[in-house]
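Here the chain labels run A, B, C, D, E and F in written order, and each chain numbers its own residues starting at 1.
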Amino acid sequence: MKISARNSLKGKVKEVTPGAVNAEIVIEIVPGVEVTSIITKSSFEKLGVEVGKEVYAVVKATDVLIGIE
Amino acid sequence: MKISARNSLKGKVKEVTPGAVNAEIVIEIVPGVEVTSIITKSSFEKLGVEVGKEVYAVVKATDVLIGIE
Amino acid sequence: MKISARNSLKGKVKEVTPGAVNAEIVIEIVPGVEVTSIITKSSFEKLGVEVGKEVYAVVKATDVLIGIE
Amino acid sequence: MKISARNSLKGKVKEVTPGAVNAEIVIEIVPGVEVTSIITKSSFEKLGVEVGKEVYAVVKATDVLIGIE
Amino acid sequence: MKISARNSLKGKVKEVTPGAVNAEIVIEIVPGVEVTSIITKSSFEKLGVEVGKEVYAVVKATDVLIGIE
Amino acid sequence: MKISARNSLKGKVKEVTPGAVNAEIVIEIVPGVEVTSIITKSSFEKLGVEVGKEVYAVVKATDVLIGIE
């Protein structure tokens, strides 16, 4: 399924921290560039997310804030 | 200001498309890895975003969906 | 691509209102049940959304508020 | 209170899974069309959500992504 | 309608900037405390928002980030 | 770091409820005006949020809904 979210960053699951309610997933896009996602436990189980698996970090452009130092 | 959003990806502004209402900003994190942000025109002007400037793409972990092929 | 968002409602595009910045899309899930989406103009064009097309309204469970009268 | 979110789907609570932190609520809009919401435990208790109760699934149009196969 | 969002700040519309696509609304909660909302033009018209009107700024607790200097 | 979110309300942490997964933080903007935020436990610990500390409640304008009675 193609999705309307503008950002779809391909990477590999580096770390997974399943919790009682949510699961925290660290995705390595390229060495040194990581994105952390938090999804519900049931979505985590449904998708079968595990370390080493190829996934996409999908983010709407309007959910990306800009920070400037 | 440190912010509670989990993802804060440092990069350089590669492309800017200011519009009547919003501005679209493409940030190059590293060569080949880009993130697109859409912020309001007034935030865009207030922050002084321009091509070549160093910025952070700030995203809450709960706003990162996981996609699997 | 399977996606971690919990809600993926299948329906048909009933109405499309493309604008300068965004596009407004009304999806008929079943007769009498409609969902309105607003996506960026470029995502709209990239996906080739048009009236009559079968699409999914994809919504994270945490983006669904509950209202009670 | 009328609210600016564009989608306000009327339905009946079909299933409730209260957790330590959040509560998961499945709303049947019409037979065969369900929407899942996750709200905080305190909001869940404050609103008195229970199976069989009439509720609205309230979603901003900008939080509805479009998926196309 | 009672809504599950945790924050519902009562205030008065101080400023309105209707645009082609969205409308920008500044709400004065108390003197010196203002909240800016951006909603779609059609929601703006449907609700009949105008300067001086009493409104609520409704925000989910998970949409409130914390910043620390 | 300046951030593109439109709302940045300065206040003091009044109450903190750390949980297994998330932490709930009540911020007093001015006496009688409070904002509740929910952030992940790890962000909570990383920022060192505690009662009495000066913080900002940061909210995107597009995440502020309007309610009218």
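Descriptive notes on the structure:
The definition used in the following text is that a residue touches a chain if its C-beta (ideal position, glycine included) is under 8 Å from a C-beta of that chain, and two chains touch if they have at least 3 such contacts.
For each chain, UniProt lists the protein as follows: A, B, C, D, E, F = TOBE domain-containing protein.
The structure displayed is predicted, hence computed values, not measured ones.
Chains making contact with chain B as well as with chain D: A, C, E, F. With every chain reduced to the mean of its CA atoms, the largest distance from chain F is reached by C.
Taken over every residue number at the interface, the positions common to chain B and chain C amount to under half, indicating a different-residue contact. Put simply, the chain farthest from chain B by mean CA position is D. Here the CA centre of chain B is 24 Å from the CA centre of chain E. Separating the centre of chain E from that of chain F, both taken as means of CA atoms, is a distance of 17 Å.
Shown for chain A are the residues that touch two or more other chains, namely 1-6, 20-21, 24, 37-40, 42-43, 47, 56, 58, 60-62, 65-69. Chains touching one another, given as pairs, are A-B, A-C, A-D, A-F, B-C, B-E, B-F, C-D, C-E, D-E, D-F, E-F. Note for the complex: chain B touches chain A at residues 3, 5-9, 24-25, 27, 29-30, 32-33, 35-39, 43, 47-49, 53-69.
Against chain A, in their complex, chain F makes its touches with residues 1-5, 20-21, 40, 42, 60, 62.
Chain D makes touch with chain A in their complex at residues 19-22, 24, 38, 62, 65-69. Against chain A, in their complex, chain C makes its touches with residues 1-6, 37, 39-40, 42-44, 46-47, 56, 58, 61-62.
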